[in-house]
Every structure is written in C-alpha cells, then in structure tokens.
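This report refers to the structure that appears directly beneath it.
Labels A, B, C and D are assigned to the chains in the order they are written; within every chain, residues are numbered from 1.
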Amino acid sequence: MWLHATSKLVFESSTPVPLILMLRPRSGYGQWVTHELYELEPGVPVVEYTDGYGNLCQRLVAPAGRFQVRTSAVVSTADSIDVQPGAPFTPVQDLPDVVLPFLLPSRYCESDQLGIMATEIVADATPGYDQVAAICRWIHSNVTYQYGTSDASTSAVQTSQQRQGVCRDFAHLGIALCRSLSIPARMVVGYLHRLEPMDLHAWFEAFVAGRWYTFDATQSAPRGGRIAIAYGRDAADVALATQFGPSELTSLSVEVEEAH
Amino acid sequence: MWLHATSKLVFESSTPVPLILMLRPRSGYGQWVTHELYELEPGVPVVEYTDGYGNLCQRLVAPAGRFQVRTSAVVSTADSIDVQPGAPFTPVQDLPDVVLPFLLPSRYCESDQLGIMATEIVADATPGYDQVAAICRWIHSNVTYQYGTSDASTSAVQTSQQRQGVCRDFAHLGIALCRSLSIPARMVVGYLHRLEPMDLHAWFEAFVAGRWYTFDATQSAPRGGRIAIAYGRDAADVALATQFGPSELTSLSVEVEEAH
Amino acid sequence: MWLHATSKLVFESSTPVPLILMLRPRSGYGQWVTHELYELEPGVPVVEYTDGYGNLCQRLVAPAGRFQVRTSAVVSTADSIDVQPGAPFTPVQDLPDVVLPFLLPSRYCESDQLGIMATEIVADATPGYDQVAAICRWIHSNVTYQYGTSDASTSAVQTSQQRQGVCRDFAHLGIALCRSLSIPARMVVGYLHRLEPMDLHAWFEAFVAGRWYTFDATQSAPRGGRIAIAYGRDAADVALATQFGPSELTSLSVEVEEAH
Amino acid sequence: MWLHATSKLVFESSTPVPLILMLRPRSGYGQWVTHELYELEPGVPVVEYTDGYGNLCQRLVAPAGRFQVRTSAVVSTADSIDVQPGAPFTPVQDLPDVVLPFLLPSRYCESDQLGIMATEIVADATPGYDQVAAICRWIHSNVTYQYGTSDASTSAVQTSQQRQGVCRDFAHLGIALCRSLSIPARMVVGYLHRLEPMDLHAWFEAFVAGRWYTFDATQSAPRGGRIAIAYGRDAADVALATQFGPSELTSLSVEVEEAH
C-alpha cells in the first residue's frame, strides 16, 4: 500500500524558543519513503541528528511570532500487520542487547507497579504473543477512548485507574503491562490510514518470538496502513515537538490518503 | 586519590533467574581503573555488553540457590570535585546532541511536574551552576535522610511531597528539578569514600557551562573520593542488579579504603 | 543557495545481485533537505540502515535484467565554503574521540607511506589549515585531471607517482597527505553545482582548529554549492553503489540546478 | 581454560608524544575477564573511550623519556575453538548491518585485487566455512612464517606475492581472500597460549552460517586458548599502540600461563 501523509504544525511564541521536532519518517524495515517534503519558515537554521533510538530529530530555534512546519511523505507500507497467535515468549537471556532497555520502567510506563494487574489479565494466555493480544483486548474492552480525560502527564498507572484516555494512554498502558511480564515493549508514533478523526497516532510494539510485532489497543482488530515516524520507550522519547520555552502549538492538521 | 573499593552481593533464588548486573566501573574521564577483580560462581556463563549510556553490563542466568558476586577495584579519582559558582546555563540550542535525552522526564524524575517548585527554589540564583547548587542546598535542608521511608518505586514527585528518603531519592529529586529548568541532569551510582554507613551510593551530575558537574544533595559540602560505576537517566537505567524472576538480593556488603 | 540535484542509475545483470546504495543525502550540519524523491523499480523490497559514519544506506537485491534507481533532492546549502587561513593544527590529544579513526591509513589512503612527501609540500606552511591548503594547491598544480588514467583500485600512493587521475584520486591523495601530518581527513561524495562535465563528485574535509573544513583539490579556488551524500575514510566506505555479483552500472546521469 | 596474560611495554621518546593504546581485553562473547591490572607511570593522565568496533582504547600523552605500561589479566576462555565444516555461506542480503563493513577492502586487505586468486584457492570447497578453511590451509602451506621479511606497511597483495611474513600478514591475506568472496572477515589481536616464541598475536574471524568463526593460518590445526584484545578491519584499526610522534617502542614482553 502506498500512503501519502501530510502534516502541518503552527507554533506561536512571544520569544524565540528552541524546538526539537521528530517529523521525518525513516525508511527501514517495513516502510520505504519514496517522496518526502519538509518545509520550515525560510531562513531558520535547522540541524538534523539521529537519537539513540535511530529517530531523525530536527533542532532549531523557532523565532518569535508564528512558526509553521509542513511535511509530506509518500511511503510504501504493509496493507496488513503481521499477526502470529501462539508465537512464544522470548526468555530474557535470549533477547538482543539493544532490546533490553525496553524492559525497564519509564516515565509514562511504570511497569514496576503493574505486575499483579498484568498477571490477572493474561491468566489464560500462552506466554508470548497471546499475552500481548490479551492485554490489547483487555484495554480495548475496559478503557474508554475519550478526549479531554488525560493530558501530557498521564501515565499508565493513572490510565489503569481512570479507565479512559486517548491513543497515547492506550499505548502506555499496553507497554507497561507487557514490560511487567518481561516482554519488551516500545512506543511508536506515526500515521494510521483511515483513522477517525484523522490525527497523529500512537501505538506500540512488543518483542516476542525474536522480533517486534505491532499492537494497537485502540483498534478492535489488527490493522495495517501505518507509517512509523518515531520509536522510543514512551511519549517522553517520541514527542513530535519538544518545546523549551513559552511556545504553543496552535494548530496541527494531518492528512493520510492512498497514493496510488 | 587512590581508592580500593570492594563489593559482595549474594542472591538467593528457588529457580534460575536472568540477571543484568552493572558492577564494573569504567576508566574514562575522571577516573582510571588500575586493578580490577570480578568473580562469579564458577561455571556460570556470562556475557558483557555496553549499553546506550556507555555502561558495561553483565548478563547471566543465576542458577537456583545461592549465587555470589564479588568485585574489587583500585581506582585513581579526584580528591575533590570541580566546583564552579557562576558557571552559566547552557542554552538548549547549544547542548551536544548526546546530552539532550537528559532533559526529558523519566520514570523516577517527573520533571514535567516540578517546574513551579523548581522556579521557587532557584528564584534568586543565576541561571546555571548556581541554580543547581541552590537545588542541592534546598534538598539537603528540606528532605530528611531516612532509611525505610521510600522504596524502589519512589519517584521525585513523591519525595518532593514526603520530604524524606535515601540517596537515590535525593538524586532523583535533584535531577527532576534541574530538568524542569532545562538543565540536563543524569544519575550516577558508585562508591563514595567515607560514606557513613558504607554502602553503594547515588548522586547526580548537571550539565552547565558546556560540561557535566557533580552534585550530591546528601552532603552538606562538595566532596570528592568518588568512583562512578554507571550513568543513566535515573535508577531504572542504572540498577546495579536487575532481576527477572523470584531472586532476592540477600546480602550486600561494600568497602572503600584509600589504596596508597 | 537552494539546489535541485537528480541522479539516475541503471544497472544490468544476468542474475539477482545484492546491492548497497548510498544515494540519500541527509540533513545535518550545513545542509537541509526539504524535498526528496527516491524511486526504485516497483516491487523490489529495500531496507535502509545507518552505517558507522551516519550515512543512510539502502540494501536490496536487484533482480536480473535492467534495474533503475532515480533520486532527486532539493537542498539548502552554503553559497560558499568556510575558509580560515591560519586556523591552527589541533593536537592529537585534543581531538574528539570520534575523529581519531580519520587519522589512520585506509585502503586508498596509505598515509603511512607519504610522510616525507607531505613534509616537503607543507614546508613553509603554518601547521593546520594552511598546511591543508598547501596540499590542495600542490595537488591542483601537480596532478593532471584526466579520465581513464585511474580506476577503482587506484590509491593515493599510485596517484602521487602517476600524477594524474580524477576527483576521487585527488581527494585520496589530499586525505593521505593530511593524515601523514596527523591532520584528520575524510572523504565526501556528493553533488557540486556547475561541475563540468556534470557528474557525481568527490572531495575531502580536514579537521583543524576544532572543526571540519571543506577542501577540493580539483578546484583552483574554494567553491560552495555542494550537497554531501556520504562521508567515510575513503572511497571504500562511500561507494554510491556496492555490487555483490555480476551487475554492471550501465548508465549514470546527474543534474544539478539552482532551485529558487 | 583460565589464562593469565601479562604484557610490559616500554616506550622512549625525546619529546612528549600522544599515544593511543589498545591493551585492555574486554569481557564479552567468549571470554570473561575476572582479574585485571593496568599500570601506567604515575601522574600521567589517561582517558579511556570505546571505538567504533567496541574496543576499549586508552588516550594519553607519554612524557619525554622512558614510559612504561604494564598490564595483566586473568581470563576465562575456551579450550578449543568452534569448528564447523560445511557451515554454509551467508548471502550478503542476509548479513546483519553491522557486519557489512567487514566486506570492504581496507588498508592492508585489498580484497578488490584478490578475487581471481581466491577463486582458485577455494575451487573445490563448498561455499562458506569450507572456503575459509581452504584459504587457511593454502596460506599455511604456501606462505613461510619468517620474521624480518615484512614490516608495518606490508599488505595482503604484497604477502600474496612474497609468500612470507608474520602472523599479521597471514591474517591480512586470509581476510582479503575471504572478502573477495563476499565472506565478511575481521582481524583480531590478542594472546595465544603456548605461542612460540611468546608474543602478541594476530588472527582472523570469518562470518559464515550467521556467526563469526575463528581462523588462524599460522597454525596447522584449530587451537583454543585465545584472549582477544581488539577487533577491526585490519592492523590499522587494532594497533596495540599508535604513536603520534618520535616515540619508539623499545621493549615488549609478553607472558601467558594457565591460571588454575
């Protein structure tokens, strides 16, 4: 499937503000970026670097006033995601070194607090893929998708109690529950074709049977048409815009269409 | 100053348990390891790797029963730590790329929640080193060092409320307050000469004026004689032993003496 | 200056052949990619990874027959390159760790063989930038730019003897002479505006006074309008296409125009 | 097998000279360092860093006069090396990204020049492990081990012509021949138990059937009792001491004994 995704962000600030953006999808395993556009206000110097997770990050100082960023990408991605019921748990001693950090608790995924809850949710599931699938089903059934009930500080423990939130909260809870079972899990932000209403999206991946699998607890069934923009432990790592000062994101518009 | 530091850890478990240890201090900027010993129970295969922060980590599966680890190191380190009152704040746009992750909130350092508190504490301080020093003084004066009042799940926000904790809590609070002011801060675990009672220790470093400076809110004055073992965002990254199963650390003994 | 660069490569092969391409310029220090296109024959799976020098590399298996690759990029780059006569030599002990590999001899830059020649060439120059400039002037005056006199196996020592070659040979000789004086030097491949005849180009960078400076011994004077595609020790690291089998690059066309 | 290896290096210089040493074996896959000693002349600041191959490197400025370095390590290592006749060639498209650089020609391993020779040597061998074994046997039979016939500038092509050299030359030729067949190969320097006469040693590893295997063309049969100190593309990457000035290594003594 070829997708054409565009985003437009507008920031406003009374003073110059350093920004770190993460808005450039990378080609890699599972997706190929064939066309790309990344436009900033003219005359603003910007530097791109690769973070510890392999994400391309853009550093700049947004000038005072209105600052607009526009991106567009045509990406080849899978129509459907890989699903592997029964795929076994990978014992910790067999995990690749680079996967180990995704076992640790992080800002929004306090996996050290959720072991009992996770154990109950997966009680009847075979260790591995089926446990993660059970966690997804449980979240989908027990957490209400509702804007305005959570904010940028909401963590998995809070979502486990409030039972409502948005895609980011669903992902954080899924990740935290997986990690509490010693299943590595990481956050993905990106685009999802036919998301309603259209917006940037967040989901997660879990490492079982020797590889990463995609899970999305906001959906009732596995679904492809995804473009990953960034990977990390949780939302702290993969904020599409991190602002170091009194800058406000006053507008964000996203579109995703089939390209061919 | 030459220090001779030794540690002995004993784990007990009813089943084999995967362990990740972080017990080998590295030579690098500020310390030189001239003698080192690292002994495990004979016959247990172990593999060492370097994590994303440059720490040397040891992976193994501890067998059922009693499992003992013994380390010893003779290290050249500074008698006193560098102190630089007035050293200026480094603007975010001038930070090296590799320092940026230490601005983000993490599991035990919810810097996104502590901005108001930090602003009050540093109200009269010059941006940069003096702000960090003010944070250290505030913590030292307002948080009581007390065993048994916190545990492995205690975070900076909790410590800011309970006003008691141990070295790890003091460090987490210091780190979170720094980050909320856009000062990068990271956790260090290691040995401190003449610590009373002797134990493994935790402190933090803050990045001002283009480099890392050492701070330790458990102390009334800056103090050298430190051996760093591991660096990370917070305790989640630098646990000296991460156990993936029902293993218990039943004994930990630490000694630090002058070597020459 | 905004440049629009395009390349079209055609490979032909009687069997499927693994290819590694390096054809995607990166945003970073000094250049910003605002539009990009990267088209392969439909249906050929491709994976992108980042090599040890930060270059984006594309892995694929070209099918038997004709295989075409087309890229295009609109890039903001400097009109003129930085020139800093008198900028001092950086002593080896002050070089950043990541720069050290660029002091070592490599496949096409046998710096261990060229110390006497280098010392003669820079006899009257101040250590640092002026030495590199003297090397460039010497090469420009003493080596004839001539197609067909060198090939993919030609190294700096050979060029120093034959005194003829193409851009790649000029760069290799410049790099090797710099390294023999303990000045780190690295190869760059990319586009150069108004190159005659238009083609992909190679030049080099030398590290003096704490940063990399651009040098191009094929030119009589410093000249901007460059888009870097890849960096490495020498041509072995930065081949735009590495073919592992009987594949032939039957056609390569390159265009570079001002974009605005 | 437990080995106790010691080395003593003495440098002499009329002026201070920057040195990069690579003398600290790492624990990792296949070996575990349980005791270690690393002594420099007192008062010489030294900094350790990790290079792009994972080697621990020590940077310092050796003062004018005599400068001594003494290291010692007790290491658990395999009695015998893994041997896997018939293990298949790993197609280039299936190699891990990090292995790819070991396919490229390098300073002392001009694999681009040795394809015909390699093809003849392995004419009757199954692609993969057996090809590498055939290369080793050929070198062992056709190249004479002889001190004083090669020097620090000798490369694989030269050794293929002169048919004499030392361990480093044997390794370079083996590596270059492997790479010319698209088999990744890398150099290892370290200690070998019962080497006659005792000295630091060099051998190589080839990547077949999805992993690295040890080969040593100086030996008539596979042999364990090895401690790896450093890995790289060839001797340029893994020099145990790189000197940037008029320093001379006036003495090198090495001892390796069984430790238990």
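Here, contacts are C-beta pairs under 8 Å (C-beta built on N, C-alpha and C of every residue); 3 or more make two chains touch, one makes a residue touch a chain.
Keep in mind the model is a prediction, meaning the values are calculated, not measured.
Set against the C-alpha centre of chain C, every other chain centre is closer than that of B. Averaging Cα coordinates per chain places chain B and chain D 37 Å apart. Annotation: 43 Å between the Cα-based centres of chain A and chain D. For the pair chain C and chain D, the distance between mean C-alpha positions equals 29 Å. Annotation for chain C: residues 49 touch two or more other chains.
Under the stated contact rule, the graph of chain-to-chain touches is a ring, a single cycle where every chain has exactly two partners. Of all possible chain pairings, those that touch are A-B, A-C, B-D, C-D. Against chain C, the residues of chain A that register as touching in their complex are 24, 26-29, 32-40, 46-50, 54, 56, 58. Residue ranges of chain A in contact with chain B, taken from their complex: 18, 20, 49, 51-52, 57, 59-61, 91-93, 97, 100-101, 103-107, 109-110, 112-113, 152-153, 182, 236-237, 242, 244.
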